[in-house]
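After this come two complexes, each holding chain A, first together with chain B and then together with chain C.
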Partner chain A sequence: MSNKAFLLGDRAVYIAFIVIVLGLPLLISDVFWLNRVARYLVFGMLGIAMALSWGYAGILNLGQGLFFGIGAYMVAMSLKLQSWTSLQQGSDTPVPDFMLWNAQPGAPTDLCCIVPGSWLWIPFQAQWFGIFMAIALPVIVALIIGVTIFRLRVSGVYVAIITLALVLLTRLIFIDAQPITNGFNGLTDLGWLTIGGVEFDPLMIETYYIVAVSVCIVLLLTRWLVSTRAGLILQSTRDDANRARYLGYDVASYQIFFFTVSAAIAGFAGLLFVIVSEFATPTYFDIAFSISMVVWAAVGGRSSLIGAAIGAILINTIEATVSESEMFQQAWRLIIGVLFVLIVLYMPRGLAGLARDILTRLVSLGRTKNPDAANASRNPAE
Partner chain B sequence: MKAALTIDALEVNFGGFKAVDRMTTVIDDGELRVILGPNGAGKTTLMDLVSGKTASTGGKVHLYGREITNWPEHLIAREGVGRKFQIPSIFRDLTVLQNLEVAVSQEPRVFRNLRLGMAAADRKRIDEVIDLTGLEPVLETIAGDLSHGQMQWLELGMLITQQSRVILLDEPTAGMTQGETSKTADIILRLKGSHTIIVVEHDMAFVRKIAEKVTVMHMGKLLAEGPIKAIEADPAVREAYLGTGGLH
Partner chain C sequence: MFETLFIGLSLTSVLLLIALGLSITYGAMGVINMAHGELVMIGAYTAVLSGIYLGFNIFAAIPLAFLTAALLGLLIERVVIRRLYGRIIDTLLATWGVAIILQQLIRLEFGMTFFGIRIQGLGPGLQQMRVPSYLMQPYEFAGIMIQPYRTFIIVVTILLTLLTWFLMYRTSIGVQIRAIMRNPQMAAACGIDVRRVSAMTFAYGSGLAGIAGVLLAGFRTVMPEMGANVVVDGFLVVVVGGVGSLLGTVLSAGLLGQINGIVSVLYNDIIARAVVFAVVIGIILWRPNGLFSFRSR
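Showing the complex of A and B:
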């Protein structure tokens, strides 16, 4: 009975979300705002990835920025090579401008050998390669990490520490490989995504739709994934890994699979973010960014995919609004920090849980309408 | 009669201390065997060794003629050994029905499980178990909210849904009221014959109700084995329980 109400409520939220996301361009005509919203939708996708790994698999990944960053850099490399800054370096093939600044005197202006390791860029001249790698590399890295830690039955806080350490390590590597990554500055002045001759200017409505449709598809696919038998078994491994083992399940294989899916989503989000923001920087590997994702998911409700997505979008929208005032900007971090602690302590299911509780109240209220009304009239002082 | 589980000179050495020491016993197909023994006798550890939780350092375990010594837990489980823990081990954040749905699947692989719904046969087996355990009224309840007794029955129910050929039950009535204990005895008696069951239990009233053949362990070793009457009269068994209040 109440389950039916939940399912209906749940479905209503999904439909409302999709309608709003797809219909937004009708309401917002300011292209700059639309571009902002597209970025928040990308963060919403990160919220989904976080809810999948943290909420459903019980894997607290404090290094999700690793996959996002890799995805971003992979596609940014391709877009950098399409940029006029790479095409005008006096060679037949594109060469990123920053490589020239780093090159030894007399080095040939060619990706093969302008700086050590620049040959890694060669395949990225094809845009599809960058797009492909934006998903493939996060998947490969996640598989390697996942197989290692889950086969060894690492769990709980240790997973958090390891993933945190890995994202930090990657940050160091990207900054250190300055000649081929442009270090702290990252990849800027990127070209636009070009599909079938159409250039996707980040401020175009079509570009917004690439992101919006992607987010909706990822949301629905992930939703399907957690409703499958595999999704249920995954949740069982979260609750009691040993029980799942004694029922015959190879727990590690479920953890590896869903950890990798979550990484693929984060990589895809990185790809989309570069398309709408036109840069990739090592700040994606900052701990603060990865932790933010945890906060978004916690606030929205880590055990709800759409809750975590809405949490991410809401927080970022509010942040963008308040950050226009200097004073609020300072207070914002504090507010978010306190909010996070309070939610973890008192509202572990976040906004989604709150919505459910309210729905439960309404349903039970509707059922016992008369007795409640009688009580209320008897105690008007209350 | 065919042997379901053969435990052959099994032992485990915890840094010099042998919690199970050259333990040998054969459990027949369809048998209900009770394992007795004072605290620390090694009963739980024996179940750990059989189910793969702890690696043995000597001896062998055969399940229906196939050696399963020191296999990983999930492979032993798939081979047909189900295990109930002393502390109820269920999926606390899932509903009772979901717990059973996880248990029912005969397909362990991730990719094969990327589908919705379940086979009619599985559905039917879940219904049978719901019937057997009387969990019908709480199917949509989150398992963590169940009473202690209901949790124990749910865990038991999961082992049956799982279609384990051999079920290991570690103190299934621990912490239960008399009424709950008696219901548990009924469930176990109904399983008799269709499953091979091994029960570790301290509650002698319960043991007398369900037991046929009894194995007594003491200090990791086999002390006595036989029908419950003979065991209760055995002076060696009485001596082992001396000072612990005896069998009662």
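Showing the complex of A and C:
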């Protein structure tokens, strides 16, 4: 009975989410706000990735920003080469403006050898290559990390520390490779995504729809994925890895697979974020950003995909509305800190857990009160 | 050569100071205290504020910072961590929240900013602690330039490490702490008041963070986000050294400090940090329990 109610409630939330996300342009006509919402939807996608690896696989990845950042940089490299800042540098082929500032005097104005390592940019002249790499590279990196740590049966806190160290390491590498990544400043002044001759201005409704549809598809796909046999086995490895091992399952393979899927989602989110925000900076590799993803997932409900997505969107929307003044912004961070401690202490299942508890109450209330309610409704009629 | 080693040694001592308290709280209590860096920050602000309002110099600030950080640590233990024993990942998350709260309290001058009241020495800006000039003037000894402040840090670190060793291995409370590290239920069954000892251990570890803060304030700018940068380094040291092993913590601080020092002299700071991270990842993969460890809770 109550199981059925959960299923119904769950479905209702998913349908409501999708309807609202897709119908939002009807309500919000301000394109700047629509662009902002698109960014928060991307963060919602990061929440989904986090819930998948943390809630379902039990892998607390404190370096999710690694995959987001790589995805963002890959597509940003392609879009940078398409922008006027690269096309009008007095060369037949596009060359990013910052490379000219870094180049040795007399260096040829060509991607092959303007600065050491700039040849890495050559394939990114094709936009599809950047888009492809935005997913492919996070997948490859996640596979390497996953195979190394899960085959060695590293678990729990050590996974968190390794991923944390990795994202910091990557941040340093990106900052240090200043001639080809533009260091602290990152890649700015990007061109627009172009598909079939149509340019996607970040402020267009069509761009919003690219993001909105992507988020909905990712949400439904991951929901399907965790309900498959593989997803169920994964959850059993989270609850007791040794028992799953004794039952004959290759625990590491499941962990590697879902870790990689989570990384691919994060990379995809990075790709979309660059399309709507038009920049990529090393701040994506900051610890604070990676940990905020954990906060979003924890607030929304770490073991609920849609809960984590809603948590991310909610927190960022509130943050945007209160950040009008500097002082409120600081106070908001204080509130987030307090809220987070309270949620970990008293509401470890987050908003999704709260919703489930309320539903349970309602169902049991409805069951016991039903005869009374029927009587009560009959009485006035008499 | 000697100067490179000396730089490495002073980096080591800073790392060790931060890691020492962390090693105790993580090792003894299974608590990942992400707010440890903020306790360091509170120590540094204690030094700045006591310098401004009480005229304390660095020597008087050290015990005061120890007390302040220890009391704050006790409060954090009572309010937050006590409810989370055994949920190690949740301690990481909750103390991250605590860290944000502490940072914002300093930034917002304990909320006074809202009433338009400014407190000198607090707020989002940078602060400086005054260090007596005789600690800043380098002098020559046997043909080698010696930085007295660096030497001071190294000496204080050695003293604190010895004190911690003495507490852990030569006192009855130390025996109790080590018993709790091995097996808290068994320790409780033997009549050890686990809650009280855990609270005191946490307070002591926090106090050490406070002292680290005072010493850091002498050569780094004091700002609200200074703690966030050091806590990760501290954790890497603890994890590499092995949970709950004092010797392991000392040696891994030495290893990472020297690698950092030598590589930053040969190449640059960024490469040095990158190499340190790579070494740490390698060591965790090679020995997930750290260089020196026994199984703990």
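Odds and ends about this structure:
Assume the second predicted complex is superposed on the first by the 369 of 382 C-alpha atoms of A that agree within 3 Å, B and C clash if a C-alpha of one lies under 4 Å from a C-alpha of the other, contacts with A are read in each partner's own complex, and residues count from 1 in each chain.
We take it that a residue touches a chain if its C-beta (ideal position, glycine included) is under 8 Å from a C-beta of that chain, and two chains touch if they have at least 3 such contacts.
Fair warning: this is a prediction, and the values are worked out from it, not measured in the lab.
Shared-chain residue A:G23: touches no atom of chain B or chain C. Legend: residue contacts after superposition of the two complexes on their common chain; A:G366 is shown touching neither chain B nor chain C.
Judged by the number of chain A residues each one touches, C leads among chain B and chain C.
Applying the stated contact rule after C-alpha superposition, one finds that A:P348 touches chain C and leaves chain B untouched. Judged by the touch definition given at the top, the superposed model places A:G117 against neither chain B nor chain C. In the overlay built on the shared chain, the residue A:P108 is in contact with neither chain B nor chain C. Across the complex, chain A is touched by residues 32, 80, 83-84, 88-90, 92-94, 96-101, 103-105, 107-108, 113-114, 124, 228, 232, 235-236, 239, 268, 270-271, 273-274, 277-278, 280-281, 284-285, 288 of chain C. Contact residues on chain A toward chain B in their complex (touch as defined above): 2-3, 224-225, 227-230, 232-233, 235-236, 238-240, 242-251, 253-254, 257. Within the complex formed with chain A, the chain B residues making contact are 51, 53, 72-75, 77-78, 82-83, 89-94, 98-99, 101-103, 105, 107-111, 113-116, 118, 140, 158, 162. Within the complex, the chain A residues that touch chain C are 60, 148-149, 152-154, 156-158, 160-162, 164-166, 168-169, 172-173, 175-176, 287-288, 291, 294-295, 298, 327, 330-331, 333-334, 336-341, 344-345, 348.
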